[in-house]
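Notes follow the structure.
Order of writing sets the labels: A, B, C and D. Residues in every chain begin at 1.
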Amino acid sequence: MNSENFSLSEAIVSPSYVRKGSQARRGHEQLIRHLLEQGKCPEEGWSESTVELFLNELAVMDSNNFLGNCGVGEREGRVASSLVARRHYRLIHGIGRSGDIAAIQPKAAGSSLLNKLTNSVVLDILKLAGVRSVASCFVVPMATGMSLTLCFLTLRHRRPRARYIIWPRIDQKSCFKSMITAGFEPVVVENVIEGDELRTDLEAVESKIKELGAENVVCVHSTTSCFAPRVPDRLEELAAMCAKYNIPHIVNNAYGVQSSKCMHLIQQGARVGRIDAFVQSLDKNFMVPVGGAIIAGFDESFIQEISKMYPGRASASPSLDVLITLLTLGARGYKKYLSERKGHTTGQGADRKRTHVSRVHVALGVVPVPLPQRCLGRGDHPRRRDAVHEETRQVPEGAEERGGRSARRSPSGSVESGGRGRRAAELKCETLTVCNRHQLICLCVPLRVRP
Amino acid sequence: MNSENFSLSEAIVSPSYVRKGSQARRGHEQLIRHLLEQGKCPEEGWSESTVELFLNELAVMDSNNFLGNCGVGEREGRVASSLVARRHYRLIHGIGRSGDIAAIQPKAAGSSLLNKLTNSVVLDILKLAGVRSVASCFVVPMATGMSLTLCFLTLRHRRPRARYIIWPRIDQKSCFKSMITAGFEPVVVENVIEGDELRTDLEAVESKIKELGAENVVCVHSTTSCFAPRVPDRLEELAAMCAKYNIPHIVNNAYGVQSSKCMHLIQQGARVGRIDAFVQSLDKNFMVPVGGAIIAGFDESFIQEISKMYPGRASASPSLDVLITLLTLGARGYKKYLSERKGHTTGQGADRKRTHVSRVHVALGVVPVPLPQRCLGRGDHPRRRDAVHEETRQVPEGAEERGGRSARRSPSGSVESGGRGRRAAELKCETLTVCNRHQLICLCVPLRVRP
Amino acid sequence: MNSENFSLSEAIVSPSYVRKGSQARRGHEQLIRHLLEQGKCPEEGWSESTVELFLNELAVMDSNNFLGNCGVGEREGRVASSLVARRHYRLIHGIGRSGDIAAIQPKAAGSSLLNKLTNSVVLDILKLAGVRSVASCFVVPMATGMSLTLCFLTLRHRRPRARYIIWPRIDQKSCFKSMITAGFEPVVVENVIEGDELRTDLEAVESKIKELGAENVVCVHSTTSCFAPRVPDRLEELAAMCAKYNIPHIVNNAYGVQSSKCMHLIQQGARVGRIDAFVQSLDKNFMVPVGGAIIAGFDESFIQEISKMYPGRASASPSLDVLITLLTLGARGYKKYLSERKGHTTGQGADRKRTHVSRVHVALGVVPVPLPQRCLGRGDHPRRRDAVHEETRQVPEGAEERGGRSARRSPSGSVESGGRGRRAAELKCETLTVCNRHQLICLCVPLRVRP
Amino acid sequence: MNSENFSLSEAIVSPSYVRKGSQARRGHEQLIRHLLEQGKCPEEGWSESTVELFLNELAVMDSNNFLGNCGVGEREGRVASSLVARRHYRLIHGIGRSGDIAAIQPKAAGSSLLNKLTNSVVLDILKLAGVRSVASCFVVPMATGMSLTLCFLTLRHRRPRARYIIWPRIDQKSCFKSMITAGFEPVVVENVIEGDELRTDLEAVESKIKELGAENVVCVHSTTSCFAPRVPDRLEELAAMCAKYNIPHIVNNAYGVQSSKCMHLIQQGARVGRIDAFVQSLDKNFMVPVGGAIIAGFDESFIQEISKMYPGRASASPSLDVLITLLTLGARGYKKYLSERKGHTTGQGADRKRTHVSRVHVALGVVPVPLPQRCLGRGDHPRRRDAVHEETRQVPEGAEERGGRSARRSPSGSVESGGRGRRAAELKCETLTVCNRHQLICLCVPLRVRP
C-alpha cells in the first residue's frame, strides 16, 4: 500500500501498529530496491512472502492486469482458466518481443522487468560460481540442446560459408543432435585415453582444423560436464587454438554450473583464448523444472545477437522458476548447494562410481574407442548423409536394479548394429549411429553411468 | 513497489512502460483507498489480482511476516506447514484479542485491518440488503446457533435473574440448542394456523410474558428465515411488545440476508420497537464455507458488549472468506445474487414447494399443533429438567429419493414416541423431545422440506 | 486413477512406466490406508504431494463437488469465489451437524472423514505427548477460552444448581472471561509463595469447597501452562480433592501440549483423581493459525456431551490446518518439535527469565498476594455483581523495548484503580478488576512476562 | 482412494455416505477414462476439482514424486522452491526425451501421459475447428516463429541443397525472422491489390519457382492469419502449385485456429494439394500465456520427423496450460469461444477497423506496394547478405492514445531509412529492412493495426 493508504489505515487500527506494518513493508521494499539497484542475487534468501509480494507487483505492471482493461488491448494476455492465470502469477505476456527474446515488451513492463532481472541475477550467479568475467547471459525457454542449436544458427550468419562443427566426442544424444538440427556437419574427434580417463585429443582437433580449413569450420563445440571415464575437455588449450585460428568456440556446459571445476575451466579458457558462448541447463543447475537454458558469453554483442535470433516472444515460465528459486535461496543458499554438490562429486562415492563406470565400460566395450571402430568396421551402412539410426541392446536385469533407473529403450528405430552375439541379459544401451560425409559414428548413450 | 523502486525500474525497462505500470498500480491502490476511506463494499467487484495484492499487503503488516523476525516474538504466529501458511495468505494471528473479538491486535496490524474492514463491509451489505439503520455488526467464527448462544450469555449479565427465553416455535435443532447451551429455559410458543401458513401467536407470547414476569424473561427469540408452512415471525409486533415490556429481543435471521422480506421485517421491527441483535449465517448468505456468522444490531454498545464476551482470539478464516467474496463480487454482484435468490424464492416453484410441504405436514400430522399435544399426551415422560431426547421415524423410500437427500437418522437416542402404529414405510423424521418445567415439546425437524 | 484408467494409460505410454506410476500411487494409497486403519499420526511425515492428493480425495467425496450436481442440493456448499474454494481445498461443508460438532454429515463424507481423522490423529498426539490414558478429544474452531466456556456450559446441565467455579488464580484474561461468559461466578483462590514460586494453595481450595458447599460448585478450574513465578497447579492433589468431593475438574492446558511437565501432570491427575476435561490451544501447540482448540478427556461420554453442546455446524478450517500440519510433520517431526521446545523451557534461559520475572513482580508489587489486597483496600468499588473493569498503567519505555513486545493498552474502559501514585514511567500493565459476591479481585495481566 | 481405502472409510463415517463419495469419485474417474480412451477434448468442460485431481494423479506417476525416492535417481526432478513445485503441480520432468520432444520419458509416466494427451486433445480441437483431415500434431514450448524455424530446419535434411524459401509477403517480423534464423534466404513475393485487399500474387510465386528451380526451393511459406488490407494467402492454389512442383509447403497459421476461414483454407489446401505442416500459436488461439505453438500436419511421419529435431527435453509448461484450459472449457466451451471470435471478426466493428487500417496505410503510404519500391528506390543500401536493420518512425500522440497501445520502439538499431523528412508527429512504425541476394525489402510492422 502507498503512504496515503497507510495513513487511512491509521484511522482504522492504531497508528503505532500501522506504522510498524508500514516499516515492515519498507523492509520488503528495501529488499526489492537492492535487487533493482544491483541486479544481483540477494545474499540472504527472501521469504516466500517477499517473493510473492514482488511477483504480484510485477504482475500489476502488465497490461493484461490493468484495471478496466478493455477495447483494443483486450485480446492480448487473455487467459481462459483461472488455474492457469494463478500458476503464472498472472504474468502471461511471456518474455521478449518478436525481435529479441531479451527485449523489453511495451505492454508488459512487469514481465520485462522479470526477464531483465532474471538474466541479471543469473549472470551474478554465474560469476559467483566461478566465471567471473562473464559479460552477458540470458535465459531461454528451450532445452540445452536447442539452445546450442540457436548459437550455431547465429554463427551461420557470421560465417555463411562454414559448414563443419568440430566436436570432441561426448556420448550425449542431444549435444550431437544440436548440430544436426542446426544443419551443420559434426566432425567427431575421438578422445584419447590417459590413465583411466578419456581426454580431449588436442592434436586431432588441430589437424582437423587444418584439414577442413578454418574458414569452413563454424565453431569448435566443446563440453565440460560429463561422466567418467570422459573428463571435461581441455578448454584452455581449445580456447587458445580457437583464438589462433579465429574460429568461434561454443561450450556445452550443461550441468557445469554446479561444478567449480567446469566453471573454472570456462573462466580460464576465456582468459587465455576464445570462448564465444557457453550454454547450461536450468533444471539441474538451479533445481527447477526441465525446459530452460542459459546462454552466456564474454562479448555482450554476440550474446545479444543470439538473443535476437529467436523469432517471437517466448515463455516466461523458466525465467519465473529460476528467479523464484534464486531469490528464495539467496546467494548464500546457492553457495551452500554448490558446496554440497562438490561434496557429492569429489568424495569417495564419486571415485567408486567412476571406477565402477569405467569397469562397466571396459567390460562391455561400450566406450571408449572400440565403439566407433566396431561400428565402422561393419562397413555395410548406407552412406546417406546425416542418416540417424538408433539401436537397442539389453542390460542384465541386475544392473538395472542396481542403478535404480529404468532402461530407456529406443522406439522401434532401425536397429543397425549393436547386440549381435550378445545375450539378452546384457547391458541395455541406446546408441545413435550417424553417417556423415566424413565418418560413420556410433554414439552410445550409456544408461547407467550418470550419478 | 514504492516510487523509489519504480524509478529504479525505469533504468531497467523503458521509463514510459514503467510509468504505465506504476499508473496501473495506482489504479489498484485507488481501489484500496476507497475501501479504507469508506469502509464499504466496492460497487464493482475487484479482480482477483487486486484482491490478492491487497491480502499480501495486509500480511506483510503482521509481525509474523516481519523480516528478520526472531527472538521474543518468534513463537507467535509460527506456522509449521507452508501449505497452511499459503492457504491463509500468511495471515495467521487470528482476529481480536483475549478481551474482545472485534479489538485490534498489537502484533497484527494487517489481521486487525482485515477484521475491521470485513465487519465494515459486511455492515454495508446488511444496509444494502434492507436493514438500513443497522448500527454495528461483527463476524464471528462460530455457527449461527453458537452465535445466538453468545448473545444469550451476554444478556445474562444484563439480566442476572432472568432464566426464560420466549421462543415462537421453529423446527430447527440448532436454534433450540442455542438456548439450551446457554443454560436458559426455552419457553416454546406454538404458532397459529392462518390459511396454510403457520404464524406467530402474538397473544400467546404476551400472555407468556405476563405469566412468567417480564423481569424473568431473558429475551424473546424470534425467527425470520424458515420454510413453509412456517412463515417469518411477526417481527414488528414482537419488537413493539419487547419495547413495551422492556425485554431484549434477539432475532435468528439465519438465511435471511438474501431475502428482502426478512431484511425488511428486521428494519421495520427496529423502527417500531426493539431488536437488540439479529444473527445470520455466513455460508448461505455469502456463499462461503460453513462456520461463520454475523452478529448485528442497532445499538453499537450492545454489539460491542457481545464481542467482548468471546474469551480469546478467534479464527480469521471466515472473515477472510467473506471479505474475499464481497470484494470479488462487489455490491453490484451481490445485488445480482440477491435478485436471483428472490427469483428462486418468490416464483411459482416456491409456491409449489410450499403447497407440497404443507400437504406432507398435514398428511403426516407432523406439524403444526398436533405434535406437542401428541407428545405431551403420552404423559409418561420423565420430567427431568432440560432432558433432551431424540427419536426417529421412517419415511417412504420414494419420498427420500424424490427429495434427493439422504435421511438423517438420529444416533441411537432414547426413542420416546414416534412411529407407534406407523409402518416402516413412513416419513423418516428426526424429532427432538425436550421437557422443561413448563411443558414437554417434541421438535420435529422435517427432513425433506428445505428447498 | 483406478486400475481401469491405469490400463488405458498403458496403451498411451509404455506399460512398464505406467506400472511404476501405478506402484507409486499404491505407495501413497498405502500411507492413506495406514491412516484410515490406525487413525494415528504417521511416524514419518507425508510429502506435500501425498497430503494434497489425500485432501483432493476427501473433497471429491463431498456433495458440493459431485459432478453434475444440481437441483435440491445445489445451494448447499456453493462458494462464490474460486480463491475461497481453492484455499479450502473445496472442503466447504464445515464439520459436524447441528446436533453434534463431532458428528458425521450426510452430505459431506469427505469433510466428515477429515473431522474424524483429525480428532483421531490429535488424540494420538496427546497420548504421545504424555497423556497416555486420554480417551477422547475433538478439535473445535474456537479459542481456548471459548472452549472452556463450552465445557462449563455443559456442566451446567449436569449440575443445574451450581454457580461457582473455584479457580486458583492465573493472570490470563481469557481464562477468567471463560467463566464470566459462561455465566458462573469465579471464586479466585490466591496462590502461595514457595521459594520464588507461586503455587496452588490446596488448603484454601478445600476450605472454599467446604464454605460454598460441593453441590454449589460447578467445577474446579485449574491451569497447567503459565509463566513464572506462577507454576502449574498441583493437579494430582486437586484431582484427588475433586474426586473426594465429587466435583468436576476442568484443566486449562492452553500451551501445555508442548510441555512434558504439563502433560505428565494431567496424566497423573487423571490416574489418582478426577479430571473431566482438559483444553488446549491449537496454534502454539501445533504451529497453526490462531482460532482452534482441543477439548479432551478421559471419559468418552462426557467429551461427547460437550461436542453435542455446540449448536450448529462449525468451520473445518482449524481441523484442516492441524491435520495438514501433523501429516506433514509426522510423529517423528512432532516429537522433534517437542524436544526443541523442551530445550527452550528447561535450559538456563528459562531460569534467567524466571528470576527476572519474579524480580519485576516483586519490585512492582504486581504479583503475588499484595495485588488483591491493594485493590480491595480501595474499598470504594461498586459491588455490582460480575462487573468487569479494566485499567491501564504505564511501563518504562526501556522495558517495552527490551521485551520486544508492544504493550497492550486496554480500550478506554472505566479505570478503577491502578497507577495512583505511580509515575508514567512505570510498568504498563493491564488489570481486570471484577467484583463478585464474595470478593473483589484485580487481575493483573503482566505484559512482559511471557517468553 | 482405492476400494480398500473406501472400505476402511466406511468404518469411520457411515458406509452409505462413503458409498456416495466413492460413486462421486467414480464420476471423476469416468471422465478421466473417457479422456484416456478417446484422447479427445471432453464435450463438457471439467470442473476445476476434476482437473486438479487428474493433475495430481499424473504427478504421482512421475519418479520425482515416488515416495522414499532417493539414491541414484534423486537428483532428477529436484526442485528447490516449493512455490515452483506447486505451480507446476509437481510435474517437473518436462516433456519428451533428448531424442524426441513427443517421446515417452521412462522416469516420468505422468508427464509423458500429459504430453501425449495434450497433443491428442489439441489434435481433436484442430479437427473440430475445421481441419478435419489433420493427421498429427504436437505442442512445442517455443514461439510460432521459432517453431517455423524448426520446420524449416527439418526440411533442410530432406532437401540438403535447397536454400530459398518463397514467401508471399506478410509484414510480421517473426515470420520473416523464422526463415533468417533457420539460415535460409527468404524470397519475398509482393502481393497484388484486389479492390482494397492485398492478395497472393500466384503468378509471381510460380515464376519465382521456375526462376530459382524447384529443387533449390526449401518450401513455400504461406500465411493465413493476418490483418487488413492483407488477406489470407490463396492456400488452395499454393498447395496445388507445391504439389505440382514437388515443393514442401509450410503454413503460418499463427492466430488462425480461432478463424473458421483460416482453418477451412488449410483443410482445402491439403485436400487439393500439398501442405506439409501448419503452425499456430497457443496463446491467442487457446487463451494461455505466451510461449507455445502447435506444429501440425497431414503426414504423421513428417510431423514426427520435426518432433525428433528438437534436441533435448522441453518445458511441459505450455502443454500443461493448454490441457488445463481445454479440459476446463470442454469442446462446447471452446466452440462457444470460436463463435464469439467469429462475431468479433466478421461484424461491423471488424469492417470499420479494416477501413480504418487501410486508410491509415494509404495515408502514410506504409503499405501496400509503394513500400518496397520506396525502400528499393533508396538504392544505397549495402547489399550484405541477410543483413537485418531496424528503423523507427514516429506516430502522432493522438493515434497512439486512440489505439490504446503503447508504441513499440526498436532498440537503438542502425536506422537506415524511414522517417527522413517526416515530422515527429507522424506514425510510429517499426520497419525491418533486409537485403538478400535478390532484393531489398523493407518490412513495415504496423503498430496499430492488430485488433
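Quick note on the criterion: a residue touches a chain if its C-beta (ideal position, glycine included) is under 8 Å from a C-beta of that chain, and two chains touch if they have at least 3 such contacts.
Fair warning: this is a prediction, and the values are worked out from it, not measured in the lab.
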item	value
Pair sharing more residue contacts (C-beta pairs) when A-D is set against C-D	A-D
Chain of greatest Cα-centre distance to subunit C	D
For subunit A paired with subunit D, centre-to-centre distance based on mean C-alpha positions, whole Å	24
Distance from the mean Cα position of subunit D to that of subunit C, given in whole angstrom	57
Junction residues of subunit A, two or more chains touched	17, 20, 48, 52, 82, 104, 106, 406
Residues on subunit B engaged by subunit C in the complex (per definition of touch)	48, 51-52, 71-73, 75, 78-84, 87-89, 91-94, 97-100, 103, 106-107, 141-146, 148-150, 153, 156-157, 160, 172-175, 177-178, 180-183, 283-284, 286-292, 309-318, 321, 324-325, 328-329, 337, 385-386, 390, 403-408, 410-411, 451
Footprint of subunit D on subunit C - complex, ascending	1-2, 4-5, 8-9, 12-14, 17-18, 20-22, 24-29, 31-33, 36-37, 39, 47-50, 52-53, 56-57, 59-63, 65-68, 82, 85-86, 90, 104-106, 108-110, 112-113, 116-117
